[in-house]
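Look for chain A in each of the two complexes below; its partner is chain B in the first and chain C in the second.
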Partner chain A sequence: MTADIFTEDYCDTLCELFNIGMGRAAVSLSEMVDDEVLLTVPSLKAVDFDSALSIFSSNSPGKINAVEQSFEGQFSGNAFLFFNDESSLQLVRCILGEDSWSSELGEMEQEALKEVSNIILNACFGCIADVLSCELESSVPDLITGEVSDVFDIERLHIGEDPLVLTLSMTFSLPSKKITGQVSLIMASESIKRLIAELERFTTLYV
Partner chain B sequence: MGSSKSVLVVDDSRLTRMIITKLIRTHFVDWTITEATNAKEALDCVDKEPFDFISLDHNMPDATGYEILPQITACQPSAHIGIFTANVQAVVRQRFEALGATFYGKPINEAMILKFTNKGE
Partner chain C sequence: MQNILSDTVFNNTNCGLIIIDKMGSIIDVNQWFLQHCRCEKSQLVNQSLFECFAFGNERTIKRSLEHATQYGMSSFLSSALHPRLFPLFTRTSKYSEFMEQSCYVKSITFEGERFGLFQIQNVTDSVRRESLLKVKTKELSIFSLAVKHSPSAVVITDALGIIEYINPKYIEITDYESNECIGRPYFSLGRHTNNEKSEEEIWRMLDLHKQWTGERCNLTKNGNKYWANEHIYPIVDQNGNVSHYVAMQDDVTQFRNISRKFSYQAAHDSLTGLINRQEFEAILSNTVDERLDDDINSLCFIDIDQFKIINDTCGHVAGDELLRQISVLLCQQCHDDETIARIGGDEFALLLYGHDVSQAKLACEMLISAVEDFRFRWNDNVFKLGISIGITEINTHCKSYIEAIKQADSACYAAKDAGRNRYHIYQEDDQVLAQRKDDTYWATKINGALEQGLLALYAQPIVALQKRGKISYEVLVRMLDENGNLIPPGLFLPAAERFNLSHRIDQWVIDNTLAWLCEHHDDIAHIDHISINLSGLSLSNESLLQHIIKAIKANKVEASKLSFEITETAAIANLTHAKLFISALNAYGCKFALDDFGSGLSSFAYLKNLKVDMLKIDGMFVKDMLSDPIDEAMVKSINDVGHLMGMETIAEFVENEAIRDRLEEMGINYGQGYGLGKPIPIDGILTSTTEII
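Now for the complex of A and B:
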């Protein structure tokens, strides 16, 4: 299966669902940091696993911090929200306060990053499940730190055959800080087909 | 439901335009619906013809709804403008409401469209 199967229309639909999810997450985030969270227009692309690795490596050289949550339901896969090191620290400082000026993520900072990622990813899962009228169960979040190739290690992920990566780039910023995060879903081909069926069923309602 | 009205649907998401269009057509078969896929197209449309209702997205690639709302209002002071956005933060809602627009948080449903289209009837 190639990434072409996930057409522009499916990308548009799923992107809008993520957009709504991120909007909900922004409400929680803005309460946590007591400030408005500015969101950029998201874009979503479907790429094969090897292409995703090379895109991520080129966009995020060096160490990244990724929070991973698997999800199961009508379709399943692994979701990642990842930030480069600087964005991770900026985000954590916003949540924990400016007193947290550690140059790396300690235990408290890691917990904060996992919690905020949990809020963002679950807002996205919740929105997709609500709109598509399905149920998605998600695992507890896990923080993985390392190079892109360490995070997206196909052997560690046990993702199933012929995986595709659906990747959503979105920047959220506070008036004084720009934090760029990226959400990626890695799904096996069978799950991608089930997701497509759900998206088709949903969009047919509005044709 | 009264005489035919005209609606401008502004959203960069094809899905959202489809949903709003479908829900309006379900209740108002003879209404005229025009779609704009970004802020520039929206401003071109409001320059060319009058609309009774304008649904406006906030986060768009070329400008925000907040940025173009004053121009739209100046061009079409009698249009009822509804903001349909995923950015449901209280501060965003308050900012739009202060400008006289009605705020609707996505996902869009039939009740929202009925409320939106009955305004100004």
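Now for the complex of A and C:
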């Protein structure tokens, strides 16, 4: 299956849903850090797994910190939010208001990154489940550290056949800096088709 | 059975489990949670979670619960963002301590309904460890940044001296890259051949667990030398064993170069590059102080004869060049182990180690002959030079270096007094030196004589040799002591010159001669002219010139009866002033004579520039001319040139009839000397004219 089946229209619709979710996540984060946090998702793209891998590798060479949550229900797959090393440190230290003496994430910092990512990912799923009225269930988040190829290891993921990757860049606008992270949803073709069906249903109803 | 096992597991899990429904009611809670919240199960079950506990961040928990119960989403709440999420206490500490927790909120479905399962883990130890680690990391980071950005090069080695770390400054100084250094012995990098000794010393200190500080020359990767102020010290662990060594280096090459340059400048003469007086005195002082009993050294003072003339006539640039060339010449003649210095304007000093006076004499003879053979060329002029050298031996009798300097200086003056271009060896009982020692005595005496009128005018006749003409006289000055005894001029005139008193004597002579001429205006018809000696300084004395002109204008003195004698060297040294002086008085009819011609630089070229009427041939040539054909030729050629230039000639030192006859034969115009008439008190010439001839 090629990425073409997930047309630009679906991309736009899904992107809008995510932006609603991001708005909610931003409110949660702002409450937590007691300062204004803005989250934006400019666009969403559908690519096949191998292309996604090479794009991620070239955009984020070196080590990345990824938070993974799997979800199951009407459609299933794995969701990731990942940052390169530098951005992870900046994000966590900005949120925790810490000074930067170490060049590695500490244990507590890793947990904080996991929580922040979890808020984002849950916002995305929550919106889909809420707006599309789907039955979904997500796992607890895991933090995986390594190169892009380690994180997106097809053997580890058990995704199913012909996986497609829905990928979007998101920007955290924190009071002192802007940090970019990458969200990607990996779904097998069966799940993609079901997601498309749900999106179709939604557009005929509301658009 | 199944239910019982689940319950057992539920209550024996080593984490807190609490199940909440979508309304926020506590459905169940496990033993771990109860133990740590210090509540009874009955107090919690079926109660609202938010009524049972006061949360710091209730919204977050509500949101997680909503995500779990409505959308099936699982959440994670970190201890970093939610300190002490639930009000739980640890049991490990004696005192009650709040527990740090991390919490997973998992959505679970049971009998068609969704619940939120809160799994709470105790992370108090991790949090404490992490915050301690953070403090330590910060501390270490600051220390390591301090080392990294240190303006000193820092190298850390293991206990064997193998490099483990170098900071960027070390890379900057040595050009070595980090990977070229790490794993190599510290002392193997940039090892200068002279460093072996210092390395032994360093290890000796380090083995005693002591630090070593010192300046060493090392090499960069490219083999360039650099000087480092090094500080090496051991790091000793708690067991008293050395675990590491730290070496710090400050590059002091530039500083050393500057201070070397300064000390070089302080010790050397910038013109000639020879050492200067200060440095020479220090070396001499050492030599005198550290002299062993049988050590004999010689000290020589060297003075360039007539240097002032070249300096004044050709300019200071020429004078400087001459000094440079002479110093090169002197250096060529000296051995490497001898010390030569420029100690004043045209004065040099030479310290000959292991030379007694007889050896020093030979060395000085070579120097004199080398300078004699040397010609100084400036523009179109070629100058022949001479040097006067004073030699003194530094032996057991020499008490201090100052004494040695005084002796060499005196001997040098003696050499000059004896006629220049020669050496003189200092001797305790030296008569010449005895006189020189009395210089200050004479200076005081001359000043006294000037003030008390103890000077007297004498006159010596100048006789026409070619025709019976009027007689002339040269006015001479004599000094009287307190008892009215005559002091010969040879005793006080050199002192007057040395102490710059000659122009005052000149002034006195001029004043008194003019006064005498004025007084005897009517009694000197039989005299052609009276000749007065002028020193170089008087030539540039404008007021003296005006004084003479005033006397002439007042008709008190007949200008044609006045003549002035200027020595050749004085005229050349003050050429501009001499020309002005001559032309000013020439206009009134005064005559001028060039005195001692032939004794100084003897350049006929100067005669063209000086409009003099007479040449006085130096007595040294005249005295022996009957026995020395060269002297005779000199007299003859000076006479010929003088005549050719329209000048009359006067021969000095005419001591007998034979000389007088020969001079007459040669065509010399006038003669002066004991053979023709001795100097007599000036008043005597009013009557004694006939007796002289």
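Here is the rule we use: the second predicted complex is superposed on the first by the 200 of 207 C-alpha atoms of A that agree within 3 Å, B and C clash if a C-alpha of one lies under 4 Å from a C-alpha of the other, contacts with A are read in each partner's own complex, and residues count from 1 in each chain.
By our rule, a residue touches a chain if its C-beta (ideal position, glycine included) is under 8 Å from a C-beta of that chain, and two chains touch if they have at least 3 such contacts.
Here the structure is a predicted model, which means the values were calculated and not measured.
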Chain A as common anchor, with chain B and chain C clashing or fitting
fit
Applying the document's definition of touch, where does A:115 land relative to chain B and chain C: first, second, both, or neither?
second
First (chain B), second (chain C), both or neither touched by A:149
neither
State whether chain B or chain C is in contact with more residues of chain A in the superposed arrangement.
C
Return first, second, both or neither, reflecting whether A:54 touches chain B, chain C, both chains, or no partner chain.
neither
Go through the superposed model and pick first if A:136 touches only chain B, second if only chain C, both, or neither.
second
In the superposed arrangement, does A:39 touch chain B (first), chain C (second), both or neither?
first
So, A:106: does it touch chain B (first), chain C (second), both, or neither?
second
Can A:96 be said to touch chain B (first), chain C (second), both, or neither?
second
Once aligned on A, the angle formed at the Cα centre of chain A by those of chain B and chain C, in degrees rounded to the nearest 10, is 100
A:12 in the overlay: touching chain B, chain C, both, or neither? Say first, second, both or neither.
first
On the overlay, how many Å separate the closest CA atoms of chain B and chain C?
15
Need the overlap of the two footprints on chain A, from chain B and from chain C, as residue ranges.
130
Under the touch definition given earlier, write down the residues of chain A that touch chain B in their complex.
9, 12-13, 15-16, 19-24, 26-27, 30, 36-37, 39-41, 127, 130-131, 203, 205-207
Residue positions on chain A within touch of chain C in the complex are 28, 31-32, 69, 73, 95-96, 98-99, 101-102, 106-109, 111-112, 114-116, 118-119, 122, 125-126, 129-130, 135-141
Of all residues in chain B, those that touch chain A in their complex:
12-16, 18-19, 21-22, 59-61, 85-92, 105-107
Across the complex, what residues on chain C touch chain A?
57, 59-60, 63, 67, 70-81, 102, 104, 106-107, 109, 123, 126-127, 129-130, 133-134, 137-138, 141-142
